[in-house]
Amino acid sequence: MNAALETRGLTRHFGGFTAVDDVSFSLPAGARQALIGPNGAGKTTLVNLLSGALPASAGQVVLGGEDVSALPMHLRVQRGLVRTFQISQLFAELSPLESVTLAVLQRAGRGAVWWRPLRRHRAEQDEAAALLARLRFSDAEATARTDLLPYGKRRMLEIALALALKPRVLLLDEPAAGVPPGESREVLDTVAALPRDVAILLIEHDMDLVFRFAERITVLALGAVLAEGTPAGIQRHPAVREAYLGEMAHAPAA
Amino acid sequence: MLTILLDGIASGMLLFVLACGLSVTMGLMNFVNLAHGAFGMAGGYVLVVLLQRWGWPFLACLPAAFLATALLGLLLERTLYARLYRREHLDQVLFSIGLVFMAGATADWLMGAQQQIIQLPAWLSGRVDLGIGELGRYRIFLILVCAGIVAGLQLGLLRTRFGAQLRAAVDDATVARGLGIPVPRLFAITFALGSGLAGLGGALGVEVLGLDPTFPLKYLVYMLIVVAVGGANTILGPALAALLLGVVDVAGKYWLPQLGAFIIYTAMVALLLLRPHGLLAKQA
Amino acid sequence: MRYAAEVALWLLALGSYWLFPDYLGLLAQVWIAALFAVSLDLLVGYAGVVTLGHAAFFGLGAYVAGILAVQGWGEPFSGLLLAGLAAALLGLLTAPLVLRGGELAGLMVTLGLALMLYEAANKAAFLTGGADGLQGVEIWPLFGRFRFDLYGRIAFLYALGVLFLCFMALRFLVATPFGLALRGIRGNALRMAAIGTPVRRRLMAAYAVSAGVAGLAGALLAQTAQFVSLDVLAFHRSAEGLLMLLIGGLGALYGAVLGAAAFTVAHHLLAEMTPQFWEFWIGAALVMLVMLGRGGMLGLLRRLGR
């Protein structure tokens, strides 16, 4: 079976510290996979390596059979590898409609059009409006300034921007972080409803969400893959239990 | 040849004293303070007034220049600068350019546009034969004083509690805050100290670098090079950078006067391209 | 409503030809300053690239147009166009240097490049006249018919016409997907890359366009004044451009025009005072406007309108 996304010996050092250590894993087409691990396990660094936000110290990232290790982020995105951010990265002064329209235009290859005004790009604007409506943005919310929206809506916009790109592989970096429990289900239901051919890797702390969503789970600890398997198998895995119990024992008093 | 080298070392050390405050403002506080040179100019004028008009002894004028500009720095930091730490760089740039213009105009209005000339005390004027050639007494004085300042700063940074807190804050301001280090007070004191040193550098430099209302802009580029090349985490880095710059500048003016300031601007751009992150080593 | 206000503004600009016949030279300066400010706004206000060296492009445009005329080609339109192209080319060549490192390093590079160009023009006296300025700029009549006159009639109309055309082109540009992408980059460059945008390529394009328009403004000054001094490349000009944007409001093309007009007229009115005094007020205005926050005149008008 062909992997949608694959890494081979992916490694990243920061000075003398190895944040991601020789990670090889693969994400099959249509996967619903979760990546978990205690704080500092290197989850977000791994996402940054996969998406191209950080260059790898060693190893490869292979997207649909193509080695994309040397490509910058925007070229990986153009090939269908899309991510969301744990800390929302939005356009504070633009409206959600403008923001999503930007993403749709870019996906359609019209991001640099300078000879035709925006208002004559009806199809792209309609698509953006429809996507936002599907994610339960009211018209008023879709046209308000993004920085004036409530937090939950901004997390949804973070996902809307990714969906607008029609990804083949979607990396979700704690999409429900900071969202109240009721709304976090809504966030994940939206994601789960995506077409089956989209491969999804969910990075998440909340184990309820992980077990509800994931068909396979990869556990990362100290930058390396500790275990991989079905949710039931992972729950019983002795090393995983120890890694998590260990985290609690050493948790800072903050 | 030796004279050029010595002149270069002297003006390089002056540049360091002028610029070291800026490297902390940019590195620690992440604040683009293009008005740093204005404090140097202020110190220079304090010296001119005290020495030439009020007849103070030269050695008493230097600490006075330091104190006056440090107080000025403290005042401005508390009233204006502190409000802009979290603003965008564009705001900081515009604000500090505004200060430069105001400072230049004020200096012009109070003191006139001409170059200031001072009368050094007899024991600092003239030359002295050290066996390796005739050297200006004032140059030697400058090198000794500035070397003392570098050593003092280095010791202070490494051996005192204040220095340890400052280094912690440069490394990571958020963590430092979490550890209970009073960062705002640290910023204020450091800013005042940096301004005072700039003032002292300006006062010492009247004889060597000159002093007129264009001083802040003229030496801005030099100070930025020192900060860009030297980095913000050490004392010795900027000190070495300043020495190198001083020697290159004096030699360039001596041997290639027809190129004028072109050499130094080119050096600045080239260094920025080679070390684009030197300005803010801890940007991440 | 908005449309009517725009038409009224341009009619007022044209009408000032008859309203203030004694100030046509000054008004031509206003249009030139406005063109410079608008070009800067595209870069700073829309794309979010901070620069301290925009005078480099203005100055290059001025010198290209001026030197062409001194060397015997005084036809205004082709000179204007060549000057704009030269400045755009310089923008395209220097953009990679400016956009290479972080924001702060880029800022210093713009400053350094502008200082280099100033010093180069200062030293290349055989070509530029150096500190004495470029003498003997002779511009041929516009369309072969309308001679640049002492009262500044032709200068006024020429500068206003070029401003109007460039303004409309930029107004169109910022309302295209490209313009929206620039605002996106200013808002969050990381996110722009994460939706697949080649951020640097967009910024380079914006840089070249902005530089080209600034070059046109410089050429206008050289052609209407029939003289070029080193002043066109001075740091002051870059800083004053930013001040105009602060006065008028960043990221709004009409704000840039209003800011440029307010600045130029204020400069003229205060010219009786000593120049040093004027510099003090520029500085004070910068400090106060930053302290009050951005938005400028246009922001104030919007707030009043609400």
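For the reader, a short list of remarks on this structure follows.
Every chain is named by a letter (A, B and C) in the order it is written, and numbering of its residues begins at 1.
One rule holds in what follows: a residue touches a chain if its C-beta (ideal position, glycine included) is under 8 Å from a C-beta of that chain, and two chains touch if they have at least 3 such contacts.
Predicted, not measured: the structure shown is a model, and the values here were computed from it.
Taken as a contact graph, the chains are arranged in an open line, each linked only to its neighbours along the path. The chain with its Cα centre farthest from the Cα centre of chain C is A. Chain C has the Cα centre that lies closest to the mean of all protein Cα atoms in view. With centres defined as mean CA coordinates, chain B is found 47 Å away from chain A.
Chain centres here are Cα averages; for chain A and chain C they lie 42 Å apart.
Centre-to-centre separation between chain B and chain C, using Cα means, comes to 33 Å.
Residues of chain B in contact with two or more other chains: none.
By the touch criterion given at the top, residues 51, 53, 72-75, 77-78, 82-83, 85, 89-94, 98-99, 101-103, 105-107, 110-119, 121, 161, 164-165 of chain A touch chain C in their complex. Taken in their complex, chain C has these residues touching chain A: 172-173, 175-181, 183-184, 187-188, 190-199, 201-202, 205.
Listing the residues of chain B that touch chain C in their complex gives 26, 32, 80, 83-84, 87, 89-91, 93-95, 97-106, 108-109, 113, 213, 217, 221, 224, 228, 258-262, 265-266, 268-269, 272-273, 276-280, 283.
Chain C contributes residues 44, 50, 52, 97, 100-105, 107-109, 111-113, 115-116, 119-120, 122-123, 235, 239, 242-243, 246, 274, 276-280, 282-287, 289-291, 294 to its touches with chain B in the complex.
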